[in-house]
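Structure provided below as structure tokens; questions to follow.
Note that the chains take the letters A, B, C, D, E and F in the order they are written out, and that residue 1 is the start of every chain.
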Amino acid sequence: MATVNDILEFVETLAPREMKMDWDNVGLLCGGKNRPVTKILVALDPFEHVCKEAADWGAELIVTHHPLIFSAPREVTDETSVGRSIQLLCANGISAINAHTNLDCAPGGVNEKLAQVLGLEDVEVIGRENLIRCGNTQATLPEFLSHIKKTLGCQGLRYVDGGKPVSKVAVGGGSCASALMEVYDAGCDTFVTADVKYNQFWDAKELGINLIDAGHFQTENPIVPVLTEKIQAAFPEIQVKVAESHADCMKFY
Amino acid sequence: MATVNDILEFVETLAPREMKMDWDNVGLLCGGKNRPVTKILVALDPFEHVCKEAADWGAELIVTHHPLIFSAPREVTDETSVGRSIQLLCANGISAINAHTNLDCAPGGVNEKLAQVLGLEDVEVIGRENLIRCGNTQATLPEFLSHIKKTLGCQGLRYVDGGKPVSKVAVGGGSCASALMEVYDAGCDTFVTADVKYNQFWDAKELGINLIDAGHFQTENPIVPVLTEKIQAAFPEIQVKVAESHADCMKFY
Amino acid sequence: MATVNDILEFVETLAPREMKMDWDNVGLLCGGKNRPVTKILVALDPFEHVCKEAADWGAELIVTHHPLIFSAPREVTDETSVGRSIQLLCANGISAINAHTNLDCAPGGVNEKLAQVLGLEDVEVIGRENLIRCGNTQATLPEFLSHIKKTLGCQGLRYVDGGKPVSKVAVGGGSCASALMEVYDAGCDTFVTADVKYNQFWDAKELGINLIDAGHFQTENPIVPVLTEKIQAAFPEIQVKVAESHADCMKFY
Amino acid sequence: MATVNDILEFVETLAPREMKMDWDNVGLLCGGKNRPVTKILVALDPFEHVCKEAADWGAELIVTHHPLIFSAPREVTDETSVGRSIQLLCANGISAINAHTNLDCAPGGVNEKLAQVLGLEDVEVIGRENLIRCGNTQATLPEFLSHIKKTLGCQGLRYVDGGKPVSKVAVGGGSCASALMEVYDAGCDTFVTADVKYNQFWDAKELGINLIDAGHFQTENPIVPVLTEKIQAAFPEIQVKVAESHADCMKFY
Amino acid sequence: MATVNDILEFVETLAPREMKMDWDNVGLLCGGKNRPVTKILVALDPFEHVCKEAADWGAELIVTHHPLIFSAPREVTDETSVGRSIQLLCANGISAINAHTNLDCAPGGVNEKLAQVLGLEDVEVIGRENLIRCGNTQATLPEFLSHIKKTLGCQGLRYVDGGKPVSKVAVGGGSCASALMEVYDAGCDTFVTADVKYNQFWDAKELGINLIDAGHFQTENPIVPVLTEKIQAAFPEIQVKVAESHADCMKFY
Amino acid sequence: MATVNDILEFVETLAPREMKMDWDNVGLLCGGKNRPVTKILVALDPFEHVCKEAADWGAELIVTHHPLIFSAPREVTDETSVGRSIQLLCANGISAINAHTNLDCAPGGVNEKLAQVLGLEDVEVIGRENLIRCGNTQATLPEFLSHIKKTLGCQGLRYVDGGKPVSKVAVGGGSCASALMEVYDAGCDTFVTADVKYNQFWDAKELGINLIDAGHFQTENPIVPVLTEKIQAAFPEIQVKVAESHADCMKFY
């Protein structure tokens, strides 16, 4: 029977550990390598409700993008979100593995999937960390905003108009706005990312770049069904599914 | 005739220098204390177009909330936003003073004005840094969202529903979401701030707090006319006005 | 019914949190404050076999001297000792509280109990950190070594002969040999502690101090039954007992 | 018409940017790359009076050895020397470029020019940083002191007599006395530099090295006419001249 | 006549300087390279009584394993052990050289000698730092404990029983217990080292490794006669001997 | 008979240890407190030739201003100046005590003596560290330069003309030029110190301060006979004298 370690090794063929950022925490963060696996729940985040769904369904493993443990905890208690998640997993014998910045950077990973969903062509890697992807399309900014909203299923977008039509587009799922100068140096006119701050919108305005915040969840979640299918294909005897309880908690008004 | 130093000393009666955070940069950041002043332009930010407006109008001084210099520059060139602003100011003999976190914290400052505009009652200071204000109101969350949008003139809002009606509201203009635990410890059910990131929305959801991102510009800009009026009242012989060229560059779609 | 928090608060009347060293980790390190408690297992360490005994007995709480978590873990897996302990506790809904350096320093704590067991008189606090105790006795070194071995139940002792009879004795349970200069400055001729290293034996020799390594477990474990009794007396309705599975793993040959 | 960037690129063929020390600040430190240049003022330092001379003469560019900005400023005001210089430059649209430690180290740069002026033969590079030059000559110490004074135009010299005739001489313009051990290891008997401190004179005495402080200005300024001529030769259509207002402010009594 | 430098260079053929750890201090730590040598005293440590023996015997050089100076002293006085040793050496014109972690790691050094004395076969290097040696033998744990005690001349041993017979043994003279995971990763069942702390015994127990503290002095001192003989063989005209005054100061009871 | 400790305690009544800078090293830096003293050599520095003079004269103690050990040494060998001094002292049983920044700051110490020698009136302490003294006099700058040269016995001076007559003079023996802004803030027009660097001369020029480098030795050495006399007066039975072998090694040409 497949073990947690078998899944871990397969996931790290998709998202090699060497591709992760130095500060990141990836791999097996809870449970044990030798435990048998019959059901895997896949989700963007290992939040409490996802752990609960895994337990209710009888999964022995969750596979997520974001890590269960980011800043190492000095206690594991009901008072913190990570403490509740760890307790739920341990109480139900569930292991947790994740691929984070290694999956962002990997071929076929978060950012390549995002570029594909947005229909970019001639996609290539830019920037020092091999994180951002850029590719070509042709649209006015309003057309492209409408296209993003539809293809990513965003309730709303926040953006700054850089004053140019959309032609060479950079994408970085999640919080990548700090890569703005690299996007500019690569000659892009448009950058789709998330968690954009006030000064970053202004920086883009001054650089003449269309900067679009399409949501952290919406720009990264497209990888989740991809990851699910790949694991399912590699382990046909295991039940693998996307968590049903997890969606973005943030709304627009 | 009033000098730059006279204005600086007056502004620091409103926003005492001792109230600033350790990392902040406030006071006279460009020009000279002894220069005469006949026209003052007031704005949230000392961006290039604001400096241009000041020069075109013939102002000798700009007064802003955000500092002209945040991370100290190793060069002053056309290639950076701060370099262009400094060159414009120096080329036109314009001084620049600002009150940033000292104005956030001060009685009658950014956060107290924000609480007032939102109609909160029994407003008090919370948190370690005397930064956040909280006060009372009674509304459903949709009612309160509508109220914020109208009173602050927001094009859109981003929020998470904490599952409670709005009763005890904390406000922190600009990027204050890292104060979420202090807001929770103070017993608030609702927190209005800006630049909120993905994980912070989830933290609020798990704590059961309504967390509302009402925009960095929209939550801080109410202080600008207040500051303008106070300076005008103290220096009736000087022309003082709010910059006309400055508005939020970020849009919703 | 008493909760975990009730026990925590009681333990911290015995070993006030303010007495802990800056680097230490004490208090509730696993579980939840509001959970009811009917059985408490007390032990020097929260090692895997102690957690197992607690689970087998049906305890909802373990109280230990050493912390469950010392260096904050980046994962909770079968591969580390702390990972196995946390998983066992969470799987069985067991909370874990501890009092470490606060209990070392506290009146009636680890070091005062050690001084009492060794029969020292006129015991007082010495050193910067209020950690070490010293008191008087009269013996030759061989007599005192024999006395320690018998009263603490040591299989063996390691020591250096400082060349003086035993008269003024300092005690520091566990790894306190770095306090040697403080012991010297206080005028002691003999120091009982544990985990003594090669250079520390030589330092003592050169200072003319009898330095005795009586074992980490043997010098600290006397507090365990004391703590057990005090908790039992305060919570007569709860079953409180010392772990039966825990003894020093180190042997002499 | 030539631009600031053309001059910058030419200067960096003389003093390659890769040769600078890590802590140094070189290149375009004020103004803009695309601005046209018709007049260039060259000087050792970008002090206020040099900026004033450039403005009065109508120069669009100053080229200096020392950087305009060394420790990055948190404000640009009349109260600091660097603030006054930046304001003068910006008010007159003058750009500033510099080559500092890259020019010290470069072939044909500060230290090679110094060696040449002093008449050293068989000049070679010594030391870890490729900064110091050494070469041969034959003189008594008094003869060599007289020679330095005359060739560099020093009003006075400070020196320690290492007890040897002058034969193998190291030179490091400006503050290079911390390279004394490297000079010693290279087998030199004499070291000409500047800004020498009390302990450094004693260190040289104990090592038996003649250490001569010939002045920071006097040991570095020989590069200024060289740099001027090279720029002039490369850009014959531009007016290039050495600043007339700049000389050493320090006198001997 | 041979000089201190001749001995130093010979010792560093046995224990190359490049093999030392970054934090270590080795080589000539007292005296002068050019001084003639007719008598050399060799010992594990440069303690005061060893320096005294060297002076009484008329040695001009001591060669030790541990460094005379470990943490650099701010004073050289009677009040510290290192101060007394330095004063004794200087007062008698004695130089001091040492080979510490370079000798631990070197072929034929401390750890290879320890492996040889214990009769290990097929000895190889393990671990990141090329420090630990491992080799094969066949024994029950009690047999091996008895063997260690006899061959190393230990008065006593401290150990934890890992539950396995002795087959693949790692050795690290002195304080090497922090290499426990490397020993485990290399597949060893038994580890002989010294200065083992409470938690390290428990770590070994949980990993199932027999961990044996055989004494810092006893695990390192076998190199002393080896070093003595090698120096004697290389410099037959010099008197070289092992210090008679030095033995372990620590006793078992 | 008086001991080293008696002299140490007396010196620290003149220059209390609490007055020293945090980074400084003062007190007994070589030898032993309990040793008897019949001859004391006093000098500005504990250089090798001073130690030699002490040994030749039969002194058991040297008292200096500068510390024997500044940056703690990792070896004590012939190859460094401090190594040679320590070996000479230890070989001759000579102790070394010093008072450095505590003597600079103390009433009646280095800087007060300097102010007195220069004939300043109404002397007071200025600056954060209670280091600099300032007082009044009336002279043209040339007159004052001549006066300094004569009273301090300087072969030469280096100075910048701040453009003002000499009226309020700050003095700081040794390397105090980094206190220039404090001197300016105190309203002084003239500053006498030593080891002045190129940029510090220019800073003074821009501030309009006459900055005079009168030599490290010449500005501090006046305290040496004072210290000698005070020790002699307190210990009439001991022979106390100023070192004859020590004078500034630096010359002007």
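One rule holds in what follows: contacts are C-beta pairs under 8 Å (C-beta built on N, C-alpha and C of every residue); 3 or more make two chains touch, one makes a residue touch a chain.
Quick caveat: nothing in here was measured; it's all calculated off a predicted structure.
Chains that count as touching both chain E and chain F, per the definition above, do not exist in this structure. Traced through touching neighbours, the fewest hops from chain A to chain D number 2.
Each chain gets a centre from the mean of its Cα atoms; the one farthest from the centre of chain A is F. Two copies of one chain, chain A and chain C, form a contact in which over half of the residue numbers belong to both partners. Distance between chain A and chain B, defined via averaged C-alpha coordinates, is recorded as 33 Å. Chain B and chain F have Cα centroids lying 53 Å from one another. Between chain A and chain F the centroid-to-centroid distance comes to 65 Å (mean Cα coordinates, whole Å). The multi-chain contact residues of chain C, meaning those touching 2 or more other chains, do not exist; every residue touches at most one other chain. Taken as a contact graph, the chains are arranged in a single closed ring, with each chain touching exactly two others. Moving round the ring of chains, first from chain D across to chain F, one meets them in the order D, F, E, C, A, B.
Against chain C, in their complex, chain A makes its touches with residues 25, 27-34, 69, 72-79, 86-87, 89-91, 93, 95. The touching residues of chain C, when paired with chain E in their complex, are 45, 47-48, 81, 142, 145-146, 149, 156-161, 174-175, 194-195, 197-198, 201-203, 205-206, 216-217, 249-253.
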